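The same subunit A turns up in both complexes below, where it pairs with subunit B and then with subunit C.
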Partner chain A sequence: MRKRGPLFFAELTFTLMVCAFLVVPVILSLLAGLTANYQVGINSGLTLRWVGEVWVGYRDTIFLSIGIALACLASTLVLGIPTAYVLARRRSALARAIEELLVMPVAVPGLATALALIISYGAVPGLRTSWVFILIGHVLFTLPFMVRSVLAVLLAIDLKTLEEGAASLGADFRQRFFQIVMPNCRSGVLAGSLMVVTLSVGEFNMTWLLHTPLTKTLPVGLADAYASLRLEIASAYTLVFFLMIVPLLLAIQELSRPRPTAFRSQEE
Partner chain B sequence: MRRENLTLLALLLPAGTFFAAFFLLPLARLFLVGGSGRDGFFAYALILTNKNYFTSLIATTLLALATTLVTLIVSGISGVFLERNRFPGKAALVAMLTLPLAFPGVVVGFMVIVLAGRQGLIGDISMALTGAKVVFAYSMAGLFMGYVYFSIPRTILTVMATAEKLDPRLEEAARSLGASPWRVLRDVVIPGLKPAFISCGAICFATAMGAFGTAFTLATRIDVLPMVIYTEFTLEANIAVAAALSFLLGIITWVVLAAARTAAGGTVAAAG
Partner chain C sequence: MRVISDGAQPISITLQRCAKTFADGTRALEPLDLRIGAGETVVLLGPSGCGKTTTLRIIAGLEAPDAGGKVLFDGADVTPLTIERRNVGMVFQSYALFPNMSVAGNIGYGLKVRKRAKSQISRRVAEMLAMMRIEALADRSIDQLSGGQRQRVALARALAVQPRALLLDEPLTALDAKLRDSLRLEIDQLLRRLGITAIYVTHDQTEAMALGDRIVVMEHGRVAQIGRPRDIYQRPATRFVAEFIGTMNRLNGSVRRDAFVTAAGSIPWPGAPQGVTEVLFRPEDVSLVAEAPHLSGTVAAAFFLGDRTRLFVHIGDSRPLVVETGARRDFRHGEAVGLKVDASGLVAL
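Presenting the complex of A and B:
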């Protein structure tokens, strides 16, 4: 191991400062949500009063967000897995163009997509006031993540040989799809699903324009709370949001961690 | 073979129909509505000549550029450092650095308020030190801080992944040939990290141009393009202008990301 010079400690200090910048506000907001009076400080005592107020006032937004996220997951699975399969089977210029098109809703700001949806479908009776309107936006935004995640796994395996082998043994398309393709892309489906749920639960850019007073999601409620309620309640609400999203984020980190190769683990 | 093509087409149909009906058609409609105002399709040209819209376009672009620059420098330093060194607690440090990865813009805005708002930490510290309360959350500076906060985790991860593939022997060779640390950095390390810088830079830029949640949380008075669009749409009911501005914004972010994708290879997409 190289000797650690002053550069090492300078860079370590810098990185620790970056880390503090990212983590300190998270900790402060968690504390604020549990403190009786943030201005007085922690000495005013810890309380669950603010979390209770959030639960009473904003419970509906939590359930709506979970519901939309699950519906969004189901939709992206149904739409995304077949799409990824087709794109994996045909690596033509057309397939690449389709892939490129599918990513557009992520590249175009959610505000623009939401405006476009409102202009086109805002007048359809029943749709504008329904949570399905929000779901449509979320599916557009999250579909590329599901497709790319599954596609990456399908491209890494020798799909063609596997399918030809199964076909030569007499498996029809349906059998091949459910018994060869699906089991093989399980890891991609899992990674994509976590991503879809996380993004859907946190989506705000589109949802703010698509929501109505009766269809408020969690981030919409958060924006309300930030704008009009005292810091303690806003913090408690953020705390609830963290409780929902941090396990998802940790699972994504765990999945995306590269498996150490044999060569590397010997070296260490 | 023909049968197989039909099967593949059938598999593509649900997603294709959904995408055409709820994205391509609405976007075309948005473009048309943008040209339906008093000035017709001149509206798109008028954006550039109208002083208010043009100023906010420039302000937004500058903000996005500053965000990109600072994020790349900070994440470049920390990312290479984390990839190159092993020390106790490193895994925990990386986990903490990447935790805010998928925080939505509204939550990032709240983090800025907690740091630099009226009851914020920076204000308390400056009050204790100098007797003056520093509060900058509800301004362009606060928005800048929020976008950097949002962009650092993703960029550090990508820089780490790219730095892993750099060959340390190249740097040793440069050093043994007498290159100063600065020359090694400029001629070996930075060119090696270029793909990561291009793709992350494009994402930072596009996010800072088009994101809305952070600005919305901090203040409605910040004059960035997404806020202008929102105000035109809701308060002024000026739907044609809102449509034209958002179509233009969409074109800008899409072109930046597509260009980066072509330059860096691989996939680049904005978030937020």
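Presenting the complex of A and C:
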């Protein structure tokens, strides 16, 4: 094994310090949610009482967040995959311009988008008070992620020739789309889906403006809790949020890892 | 090797006034008339951008000809039919194998689309795997295959549906030279055995000469010459054809009393056509002679190729002549050599 010089240990120390800087507050916050009395400290004992109170007081926000995230996923799948397909098949200047425009909802601050939505559609009867209003905002915000994720995969495969190959074997458009196009962009769809769900569950900026007291999502409830309740409850709430979001983030990490390179032998 | 019983009868293919103008106004193909006989192998040959691939795609149904153009299969007009209704097998340069399916899945896909019974599909897939000698690969995924294996799978997939014609778009271009030679031989044997009507696009003249019953040489969207490989090689119709296929020497001079007279000497040419000022001939029609040469020159370059030596002989003002010799000796730069030209190889255009 190669001998490690002093530079290695300097780098290791620095890396560990940066990690600690990022991780320690998270751990403290999670611990706070499990501590009987945060003022007294960890000596007061560990408890699930606060998690229970969050469940009683805020489970509606959890269900609403999950519901909106799933509805958002369904919408972005239905809208995003065909959009990505069309953009991949037509590599015209217009298609490229649309691809660039797709970044807009991400580049524009969520608050601005939310305000625009309220000004434009706030007067539609029933919409302002419905969770659908939040869904519209989330779809606007997350759709580009789905489209880009699927598009990246579609552009990496020779889609046109694959489809021509399938057509030459007698496959009509429907068969080509569901038997060739869809299975071959599965990794993009999966990555996009996880991204959409994660972003939707965690979205705060836009949702904070779009929500009503009856349509609070988890992050909005979390802000409320920090503003008005015991720190322990807010921390326990954060813990619940973590339990929902971390598995999604880990799955995204796993999916975006480069595939093992395919085996290519020289012929015979 | 087992004989494959293919029920489909080979068809003739006719193109009538097929032209192609793309949306941006470029003319990829001038109006083309072409008749391909049943069971014939026709090679479309030419440099990139000559319209050969466009022609193939029009036959396949991947492109529609400009208004007025017609594609006939056995006399029946198929112009309005898209590729999925023409029942043609197609092999692509990039293979276009489906990464989401195994080798067997790829080969059986066309039959699955046709809703054939599972047992029938697996029987046909086994038959195809055996024909291409890739039985061991049946369950492999596509990205585990080498280039040559992929091309075999692509051929098997195209033939599994018993297409009415087989269309091949530069199928060997992506492979290395040695593999190209062996697969070319295999494709040749396959086409002869199946007796299927085949149209083969390539820019490689060696491939064209080896595979084609007839070759269609194309240039700038037009047909430059159609003919058997030997005719095209020995009697090129245009200077483009002469120089695109093989190596051609060019010599300026004039005809005087049954001889072609140049600055470097004169070539006896019984029955020489009057008024010719330029002749073309192949390297194999020239030989080195010690006495009574037709032409004299000096060696400008010599490349030892193993079985022969390729000489570039400088003979004055025009470009050097290419001469091939089996002589077992070295040639020095500037060495004086005498050349004899076989008059039967002379071409005047």
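Rule of thumb we're sticking to: the second predicted complex is superposed on the first by the 256 of 268 C-alpha atoms of A that agree within 3 Å, B and C clash if a C-alpha of one lies under 4 Å from a C-alpha of the other, contacts with A are read in each partner's own complex, and residues count from 1 in each chain.
Please note the rule applied: a contact is a pair of C-beta atoms (placed from the backbone, for glycine too) under 8 Å apart; a residue touches a chain by one contact, two chains touch by 3 or more.
Fair warning: this is a prediction, and the values are worked out from it, not measured in the lab.
Q: Who wins on subunit A residues touched, subunit B or subunit C?
A: Of subunit B and subunit C, the partner in contact with more residues of subunit A is B.
Q: Could you say whether A:200 touches subunit B, subunit C, both of them, or neither, answering first, second, both or neither?
A: So A:200 meets neither subunit B nor subunit C here.
Q: Once the structures are superposed on A, label A:38 by its partner contacts, choosing first (subunit B), second (subunit C), both or neither.
A: first
Q: In the overlaid three-chain picture, which partner chain does A:169 touch, first (subunit B) or second (subunit C), both, or neither?
A: A:169: touches subunit C, not subunit B.
Q: Does subunit B (first) or subunit C (second) touch A:238, or do both, or does neither?
A: First partner only.
Q: Have a look at where A:157 lands relative to subunit B and subunit C in the superposition and call it first, second, both or neither.
A: second
Q: Looking at A:21, would you say it contacts subunit B, subunit C, both, or neither? Reply first, second, both or neither.
A: first
Q: Which of the two partners, first being subunit B and second being subunit C, lies in contact with A:142: first, second, both, or neither?
A: neither
Q: Can you give me the overlap between the subunit B contact set and the subunit C contact set on subunit A?
A: Residues common to the subunit A contacts of subunit C and of subunit B are 268, listed in rising order.
Q: So in the complex, which bits of subunit A are touching subunit B?
A: Residue list for subunit A touching subunit B: 8, 11-12, 14-16, 18-19, 21-26, 28-29, 32, 38-39, 78-80, 82-83, 85-86, 89-90, 98, 100-113, 115-117, 119-121, 136, 139-140, 143-144, 147-148, 173, 198-199, 202-205, 208-209, 219, 222-223, 226-227, 231, 234-235, 238, 241, 245-246, 248-250, 252-253, 268.
Q: Okay, in this complex, where on subunit B does subunit A touch?
A: Checking each residue of subunit B against subunit A gives 7-8, 11-12, 14-15, 18-19, 22-27, 29-30, 33, 74, 77-78, 81-82, 85-87, 93, 95-107, 109-115, 119, 121, 149, 152-153, 206, 209-213, 216-217, 226, 229-230, 233, 239, 242-243, 246-247, 249-250, 253-254, 257-258, 267, 269-272.
Q: Where on subunit C does subunit A make contact in their complex?
A: Per the stated touch rule, the residues are 60, 62, 82-85, 87-90, 92, 94, 96-100, 109-110, 113-114, 143-144, 146-149, 157-158, 161, 167, 175, 179.
Q: Which bits of subunit A are touching subunit C when the two form their complex?
A: My answer: residues 157-158, 161-162, 164-172, 175, 179-180, 183-184, 186, 262-268.
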